[in-house]
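Below are two complexes that have chain A in common, paired first with chain B and then with chain C.
Showing the complex of A and B:
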């Protein structure tokens, strides 16, 4: 029992952590949060099921196409919902524009794909065991993304350019960095990460349009608790969230597990609004 | 006044006469629009006026619907009459409105939006799980109201009456100091604090009201549906309410009203598109946000399309000051700083500063950039907490970091960058400065009782006087975001004068002003001091400082470099080296 709670908790926690990283990558590039992160996760599962189960394409092709779809939505988010409102003086319009875009994609999926959860095919044709692929696939994806981002941000010029435009846009532009292309690339990367999370977690979460609002919330908890833009915090918080949720599911049942998670989230956030590892606000006056 | 009431009167007539030309089916649609508007009118104060992005407000509709139905059906106690059940649901809604809304005081915008979404999901899930009370997935019957409200048109008039009442109440709040304070919190929070507006107290009132009203809407909704199940309260509904306000335009009552009616009626005209309705709402939201953030209200704002004169000049009338500030109060004490120190990490922003500002004097504070001038001003006005030392008013130590309490002590300030509510008129912006002088409570304003009307008259007249003093009387009805930079600076001074300040702190008021305007500003500041106010003038324009100040303090690297009369400072060797040059 404990083993199954730990396995499913860590697996689901890795998915939440990856969505949290998606939020963070978008935040790092533009200083705004986007509601499309959860939708990207949902699309990973839906597109994967569409390409592999419905169209019968091989796993690798299905993965690449799904990631491409995610990158497209990421770029669309940047062009349509983020870039136009960054220029405006009203700071909070991005909440509404990204919400609108996320809703459009969710509704479109609900209408075209259907509102039932469709099965996600098994990626590797092996018999089901204790440490099954539906558990270690999300964990593998999480490790790959973390290592990849670490290499990108610390050891490549492009990665350091990403960090530069996040830190100080004007200085970066003055140095000649192509701010707009870098931000689009960052959003495309975020799209890929989000879709990968949904794809790797497809066997656990299935291809279901209702994953979008669920992942929007549960993917944000690691960001809120781990601190804005803090990927390591997001991973730790994501794993803890996954474990807590599965344990609560087992102990008190599904509905009250959600209430428990939400309750803990609110309490922690009210006690420390910047997150457990976050930084305080800047100068206002 | 008649002009603004006209659209509402027209809608009232159309609504009252509706049964004459609408059939039974349209009666249901119209009733639904009224019920939605009851909720949206309250949510409008939260989203449109206070600027809190509460996306999951459908939670309160659910709570109200179930509370009314359960209490009327008698699932947990003997059945209550439907009106009592509705009132009880309103109380429940008020409490939960507060619970859902309070995190807004601590959390950033996006975080708060997410928590309201989470809350909406939780409420629906609890409704599903608590089968003994809510009937779980099977649901409960809605409350039935006794005659004359049991028929279709009877119930329509009941809901219409409540909708009209909510419109009237929220319009009263919008035109009260509370409505203006909400807009200030939304768009110029720093200025709101300086005017003494308590965000907590105000938001608590608003959440209680909005929650109660949303729960009443829930009860009416349950009655309209005759039977409610948890899946009647989808996120789509929440989105609809939210978008109605955005389409209508923030800070308006008429706009969201039209928006609600529009969104309720739209699916009826596009029958094949009903499945796509939420998709289309989202597209509409995106278009509004990108193209027309002001919504319907901005489209209908005809009077702000009239061009302004391009050769306007600001001509203050300082001779009117005694009318506003009264006779100089000879007994007033000084504002002193004693050994105040504040460091940001390793940077000593202020390093043991002593300062004295006397009433009736203009005290200049100058120094190079980074010398601590604005930091000093922020400490005096309570935005920064000093790490050691005391700030005293009349000998009594001022509470540290208590920026909202400075207004009651008649310490007013302006800001380095003008903090103005762009979508409000200049007059309304100035009236914000006098918020703490209003006597009427939130409920009195809600019901437009005599004390509220007296407040409004007093604030209106005082603000007009203040605007005449600074020379902007002719721009009073104009939207503030149409003004030039220099006019915004003078608007801030008018707003500060509304407090009848004992001490006025000005943060670089001459920045961006033309030479003529600086001269007039100087004359105005001198007149304010002569009327008995102590003025602290932080400035870079050395000429202005030397011309109007009785006393000048020079800061450098957080320490006092020199202090004395302008003549002494102008020739002081260290000051010349560090700052003045020549």
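Showing the complex of A and C:
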């Protein structure tokens, strides 16, 4: 039983963590929480199933095409839902614009793909009873993204430019950095990460349009708990969320598990509004 | 030229006579509007799409045969998108804007719970196939009729099968968190207990939950000898079947008809996981132990094939139910016309309407028309042409 809690809890937690990172990458570049993050996760499963199961393409081609689709949606999010409202961030119009875009994509998927869950193909033809690929694939994707982002941010010029924008947009622009292009690149990167979450978790979540609101919701919890824009915090909080959720499923079961998860979420935020790993915001007086 | 008062009165009188004579001639050819509220999109659409195929075929056949005394039936369709709010909007538009004679649908209980009281207030005759018990009440909703079983009939058949045929006494009852799911669990658990079974697990689980192993382990550790899931969500049901298979747990799964749908089958990790899964179904659309369908159903299947109606992704009973509904309404209209009160009067005394899905009968006190004995359990993995073999234990 403990093994089952840990396996599925960590796997689901990795998916939540990746969606949390998707939120963070978009937030760092624009100070906007884009609610298309869960939709990107849903699209990872749907596009993967479309390319591999329905069109019969090889896994690698299916993966690349799905990630390209996610990158395109990321760029579209920046152009359609974020850029027009950047000047009035204090009014939080992005909540409406990004949520509207997410709903449009979700409904379009429902119309074109169908409203029933569809199978996501097994990526590797290996059978393992205890440590199946549907559990380790999200974990692998999470590790790849964490290592990839570390390398990008610490060891590449583009990555440092991303960090510069995240740190201070005006200063970065004053230094001559192409702020708009970098923001679009960040959104494309977020699109890839979000889609990868859904693709790697496809065998667990299935190709289902209804995954979008679930991922949008549960993917935001690691962001809130881990601290806004804090990827390490998102990973730790995502894993804790997955483990706690599965443990609650075992212990109390049914809808009470969701109540337990959000009960703890509210208590943690009451105790530490800045999140477990976040720093308290300083206020000019 | 001057017009005298007498001439003007004559002209006006002639115009009135002419217009009153012309009306029946036009009305005789006017289509009869039938309101139709299917869920063609949204999470409950698999049922709606299947029913829709039968409805369209029946309406085409009725109209090809001359309609109702020369007047064709016209389906005024409003897709509810599996959303009760949209179903209410559709019903309001059908009754106020389109002035339909009768409404068929909605085709799922959540929507009907919202629509039935609305149609009752507008005195519109309604026929629906939804299972929630409270959706018919001859006193409260005198114009509403159900040409399908109630939840009590569905649950009763499944409970009888588990307790009396499979002789399992410790039962786990699980559902999703929809209105249908929670209402089913609340209704069936007391019925099971009344039959002497012990409900060792009872739960409502979010259908989007990606891993149901915790729930099944809780059932197993509680000593469950049968799992009874109540949901129309194929993803949720397939997760239960797959998890049971992965756990290597040899326990029967007995419950909702969607357990045997093509969508559920498509989501199974291994075909053999579908063994020992027994969904509800209906005897007239099932293969008897000799592998034979009733004659009426065999003839209907042939008609579906010649009309090129796709059976691969749906169930025969959904299409049969859809097919029977407009035929029953047309029979009533042929007998008494389209006046709401007369239609209701006719349906109140309907005896043994010969449907493919089942023989329907109503009385002024009982608007639930489906017979108890036709609700049965079947073998999910025997699906062929949208129909199933009766589960072990039933006679021909």
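Simple rule for what comes next: the second predicted complex is superposed on the first by the 277 of 285 C-alpha atoms of A that agree within 3 Å, B and C clash if a C-alpha of one lies under 4 Å from a C-alpha of the other, contacts with A are read in each partner's own complex, and residues count from 1 in each chain.
As a working rule, a contact is a pair of C-beta atoms (placed from the backbone, for glycine too) under 8 Å apart; a residue touches a chain by one contact, two chains touch by 3 or more.
Treat the numbers as computed from the prediction; the structure is a model and nothing was measured.
**Student:** Given the touch rule stated above, what does A:255 touch, chain B (first), chain C (second), both, or neither?
**Tutor:** The answer is both, since A:255 touches chain B and chain C.
**Student:** Quick one: classify A:269 as touching chain B (first), chain C (second), both or neither.
**Tutor:** A:269 sits against chain B, while chain C stays out of touch.
**Student:** Mind working out whether A:111 is in touch with chain B, chain C, both or neither, as first, second, both or neither?
**Tutor:** Both: A:111 reaches chain B and chain C.
**Student:** Does chain C touch more residues of chain A than chain B does, or is it the other way round?
**Tutor:** B
**Student:** Now for A:95: first (chain B), second (chain C), both, or neither, which partner does it touch?
**Tutor:** A:95: touches chain B, not chain C.
**Student:** Name the contact category of A:84: first (chain B only), second (chain C only), both, or neither.
**Tutor:** first
**Student:** State whether A:1 touches chain B only (first), chain C only (second), both chains, or neither.
**Tutor:** second
**Student:** Based on the superposed arrangement, let me know which partner A:155 touches: chain B (first), chain C (second), both, or neither?
**Tutor:** neither
**Student:** Does any part of chain A touch chain B in one structure and chain C in the other, and if so which residues?
**Tutor:** 111, 255, 258
**Student:** Using the touch definition up top, name the residues of chain A that touch chain B in the complex.
**Tutor:** 33, 80-81, 84-85, 88-93, 95-97, 99-101, 103-104, 107-108, 111, 213, 216-217, 220, 224, 255-256, 258-259, 262, 265-266, 269-270, 273, 284-285
**Student:** What residues on chain C touch chain A, complex-wise?
**Tutor:** Those in contact with chain A are residues 41-43, 45-46, 82, 177, 203-211, 213-215, 217-218, 233-235, 238, 246, 263, 266-267.
**Student:** Which chain A residues qualify as touching chain C in the complex?
**Tutor:** Checking each residue of chain A against chain C gives 1, 4-5, 8, 11-12, 110-111, 114-119, 129, 201, 204-206, 208, 210-211, 214, 246, 249-250, 253-255, 258.
**Student:** State the interface residues of chain B toward chain A in the complex, per the touch definition above.
**Tutor:** Contact set of chain B toward chain A: 51, 53, 55, 103, 106-111, 113-115, 117-119, 121-122, 125-126, 128-129, 189-190, 235, 239, 246, 275-276, 278-279, 281-283, 285-286, 289-290, 293, 374, 378, 383-384, 415-416, 422.
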